[in-house]
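Presented sequentially are two complexes of chain A, the first with chain B as partner and the second with chain C.
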Partner chain A sequence: MSLLDFARGPGMHWALIILLVGIVWRVLGTLFLAAEKDYSAARQSGVWPGIRAILRRFWPHSEFVKPTLFHLVAGYTLHIGLFVVIFLFAPHILWFADLLGLPAWANLPNNLIMLAGALTAASLVAFVLRRMTHPVMRRISGFDDYASNIVTLLPVVTGLLAFAHTPIAPYQTLLGLHLLSVELLFVWIPLSKLAHALFFIPSRFQLGAALGRRGVKV
Partner chain B sequence: MTVEAQRIELFFEGIKKLPEMAQPVEMSDADRLHQVKTTFLAKLNRRMAVDLESCVHCGQCAEACHYYNATQDPKYTPIRKVELLKRVYQRELSPTRWLRRLWTRDITLDEVNEWIALVYDSCTECGRCFMVCPMGINIPAMVNVSRQAFANAGLIPVELRAMEQEQYAGNTLFGIGPDQTEAAIREIGDKIGVEVPFNKEKADVLLLTSVVEVMVFTDQIASAIKVLNHLKLNWTLHMDGFEAANFGMLSGFEPLQKRAGDRIVKTAKKIGAKTILVPECGHAFPSLRWDQANEDEQEFPFEVLTMAELMARELRNGNLRVKPIGKGKTVTFHDPCKIGRHSGVFEEPRAMLGALGVEFREAESSKTVNWCCGGGAGVFLLNSAADLRQGAWKIKQAQIDATGAEGVVLSCASCRLNFEKGARNNHWDKPIESLLSLVAENLDE
Partner chain C sequence: MSNDDINGKSTATVSTDMTLGEQMRARGVSRRSFLKYCAAMASMMALSPSMVPRIAAALEKARKPSVIWLSFQECTGCTESLTRSHTPTVEGLIFDSISLDYHHTLQAASGFGAEEAREEAMKAHYGKYLLVVDGSIPMKDDGVYSTIAGITNLAMLKEAAAGAAAIVSVGTCAAYGGLPMANPNPTGAVAVSDIIKDKPIINVPGCPPIPVVITGVLAHFLTFGLPELDDLGRPTAFYGQNIHDRCYRRPFYERGQFAETFDDEGAKKGWCLYKLGCKGPVTYNACATTKWNQGTSFPIESGHGCIGCSEPKFWDQGGFYRALSEGKLGTVEGLAAAAGIGAAIGIGSALLGRSGQAGPQAEIKAKLDKDLEAQK
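Entry: the complex of A and B
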């Protein structure tokens, strides 16, 4: 079995199983912890303030735009770039459509995908450098932070190299490495801080709801 | 020096002597570490787990923290203050604990000792950090749990420990208990020509007071009496439950938090109160309004209000009448973190200032993103936090100065103390006034 065959076959198969089982394990393991009932008299229901907080936190309070500008720019570049590359690149769309049994959706032109991939990679590198040099980020960073950054960067870089048919290795090898790096990402998501992609919604909701019932808009 | 200035000086002198009053808590090192860990594990719930799982270590919370902004020292990054709690969660409770143990060190007693200054001296639990966090992580709630863990390990800083031990053992603070409080308030009543309704068997409103008011800001007590009489309410000050200050909450010693709150709750139930009125005291309000029902695991048959809420409501109802001061007076308002950002009381103080007709200057960062005064959550008592408080005060002072207002109005005695201290240290001469006192001085009788 070649590298590409493994990556396309059992590698992807097990990576997807670990991703799905891992997500269920991680989410249920967290949400099944005891939740305390709040006996204090609410000023209002916390449901809508909670939903509002989920949406409102996509953009910082005007007070904090300037001090958090790096995260705002690099963060949105990273997340929008990843979305574009993952969901709007023609071969990826075919892969998802095949996996989920859905009709293929419209793709973006390849040159735009390349641009998005390059910007995503640049923002990930910027985050690593910031983590290594900014006094606050350096102080609070650990293995998971750097590992998650690199594990996210690898599929982007290998994807760009494969797409460009870079002569450093045969295309089949580059494609195999790209798929393996994607599988590593799938395995890493439920085990690491990349699971913030799942937890940011309940996290925002519970702050908005807790303070909303006190009459505070966050 | 005015009488009030003398009282303030005496109070700060008293704070300096607190370390001599604290009793040591004997415990082995192993037991202390065990207490910290077991408290973390007992207190970690779904809410905190979700918060900890969603953190990406971006560090944006530092930008909101007055202590980080004042010092630029990364050790004051808010999320770092709950690092020990996070590590215990990751190693012992997280669904991926079996993996995270590979790269997550166990906590040590040396670290616990280092973190005392981070969860007490350098966090007022003001909540500005949860306003910037893109994940909405409630860091102050976890700092509070860290204080509870440290309290159980006998590691409360000496000043707060002295207060906690005194209130727990004898229901006194700075040696002032029910008898001294009643005598002091009776004297205040005599000065304003009013007989204070002490210890009524039945009353609609139970008014609380705080030791800071009795010792320093007696104007706030006199003003509360005037406002309640103006409103012709059936109220009382009851010596079975009068002290709003809760050093259990501030120190993290939960048995005291519950005991101090229960004294008030039992008294309110006994006299059939429909309303508990919390004086201008920041932490006392959320402690009673939000925490105590959960400590007791029951809903209360009464409401808990700040003076500002009562006054604004009665103003709307037409029962509270004030004489306009006029536009000659320009003021800004400082939102106390625990009453504003934690409790939603923003518009009521502004409604009162509006009724007084003063020229109001809103500060640039106010309401939910207001800068903390730097002395909340008991930090104003900690001698070791003096430099941090001074740094935070500079931010506060600049914020107030930028409004161009001649004076600042506030509704929290701890903030007021911290303002007075900051003003003295920095030769800042703007008037610092209590909202309640400003209203009481201008009642239209």
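Entry: the complex of A and C
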């Protein structure tokens, strides 16, 4: 069995199984935890503050814009770039459509995908370098932070190499490495801080609702 | 084995007194036609124009080599492909100018006479003849699933390979097992290279291979010996190019313009066939450059995606009409089971957490109740 055969077949199959087990485990495991009982009288319903918190926290309060400018720019570049590359590149769309049994949706031209991929890779590298050099970031960064950055970076880099048919290796090898790096990402998502993709909306809501219930303006 | 060794053997493959040059002149092939053929060969093999005189000189002096062509578990498509190139072409004459001592489709002899011809040729040119094989070799049940004159393909291959200077595996079946080896491989089919380990083997895969590539490889062997091979044993001169890289529809791939069906607007406009299952990005062959039917076109030009027929296990790559990026996953039961396992672990761990929380929460409530009571 060739590297590509393994990556397309059993490798991907098992990575998806682990991803699914991990996602369902972590989401249900969190949802079914007993909520801490709040014995105080509610000043208002928590629902609207919860929804507001989900939306409001997409952008920092004005006084925090300047101090968090690096994270703001690099973070949005990374996330928008990943969205474009993952969901608007024709071969990826076909993969998702096939897996989910959906009709394929419209794709972007490859030069825009290449640009988005390059910006995504650059922002991930910038994050790693900042973690290594910024005195505060260095102290609060652990293995999970570095590993999550690198595990996200690998599919982007191998994808760009494969996409460009870079002559450092046959296309099949590059494609196989790209798929293997994606499989590593799938396995890593539920086990790491990358699980924020699952939790950021419910946790923002939870916090917004709890604060709102106590009368805090969210 | 080095190329020099092979050269030594190839130049020694002699079966008649006449050189190829003498034979061609005897057949009335003009010098101009001969040089045009040599130039075409040089171009195809990506050699510089300065090599044309060397090819011509080498071919002129080459003596008619004995070739034994064994057809095993195959469909005769490779031979059909080869014969399609014959009628008017010079390369056809070149092929005609080898001593094809055994080929059970093309030879006039049959029955015992045919087998005697093979045995005589093997004996007369032992250690010097070129062995061409098309078709895979069944191994299951001692190879009984394909026999010729009562001899299993396995036995015949071993016997013929022992005296061969080199082996050319023509077609994907001989090179990599091909269709007979496709899942579930009922006859236990294998490639020539799975059996023969002590002879140089040139793989010329394709289902079938391009006629001019077959003759080109033979011409290269006659002139320069064993060609440079890639990691799959294919001559890089013909299999060094990626179909996707050489495809005239590549600009449409880059623009993200794809045919969605074989008769939609995209198909009519000649857009990329990736979504219709084209395997061009993972296929190495000369189709996009040499083309078929005397340079008329190749499958993608005719509106059908590449099926990757020059690659190992092309038949088991998930379907000709499934896009390359679509998964080759197993059944959905595995994923459904994964969801169930995840749910069981998640809910189980949450309930465990709850039971752990119950005690401390009851303590807090009791303390609060006690404080309230004390305040009263």
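One rule holds in what follows: the second predicted complex is superposed on the first by the 218 of 218 C-alpha atoms of A that agree within 3 Å, B and C clash if a C-alpha of one lies under 4 Å from a C-alpha of the other, contacts with A are read in each partner's own complex, and residues count from 1 in each chain.
Just so we're on the same page, a residue touches a chain if its C-beta (ideal position, glycine included) is under 8 Å from a C-beta of that chain, and two chains touch if they have at least 3 such contacts.
Keep in mind that this is a model prediction, so the values were computed, not measured.
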Contacts of A:98 with chain B and chain C, given as first, second, both or neither: second
Touching partner for A:16 - first (chain B), second (chain C), both, neither: second
Which superposed partner A:67 touches (first chain B, second chain C, both, neither): first
Which superposed partner A:52 touches (first chain B, second chain C, both, neither): neither
Which superposed partner A:107 touches (first chain B, second chain C, both, neither): second
Touching partner for A:171 - first (chain B), second (chain C), both, neither: second
Set intersection of chain A contacts, chain C complex versus chain B complex: 25-26, 28-34, 36-37, 39
Chain A-touching residues of chain B, taken from the complex the two chains share: 44-47, 49-51, 53-60, 62-64, 68, 72, 74-75, 77, 79-80, 83, 93-96, 99-100, 103-104, 130-138, 289-294, 296-300, 303, 340-345, 365, 368-369
Chain C residues touching chain A - in the complex, by the definition given at the top: 231, 242, 244-245, 253-256, 258, 260, 274-275, 281-282, 312-313, 318, 322-330, 334-335, 337-339, 341-343, 345-347, 349-351, 353-354, 357-358, 361, 365, 368
For the chain A and chain B complex, residues of the former touching the latter: 25-26, 28-41, 43, 53, 57, 60-61, 63-64, 67-68, 71, 75, 134-145, 190-191, 193, 195-196, 199-200, 202-208, 210-211, 214-218
List of chain A residues in touch with chain C within their complex: 2, 4-5, 8-10, 12-13, 16-18, 20-34, 36-37, 39, 90-92, 94-95, 98-99, 104, 107-111, 165, 170-172, 175
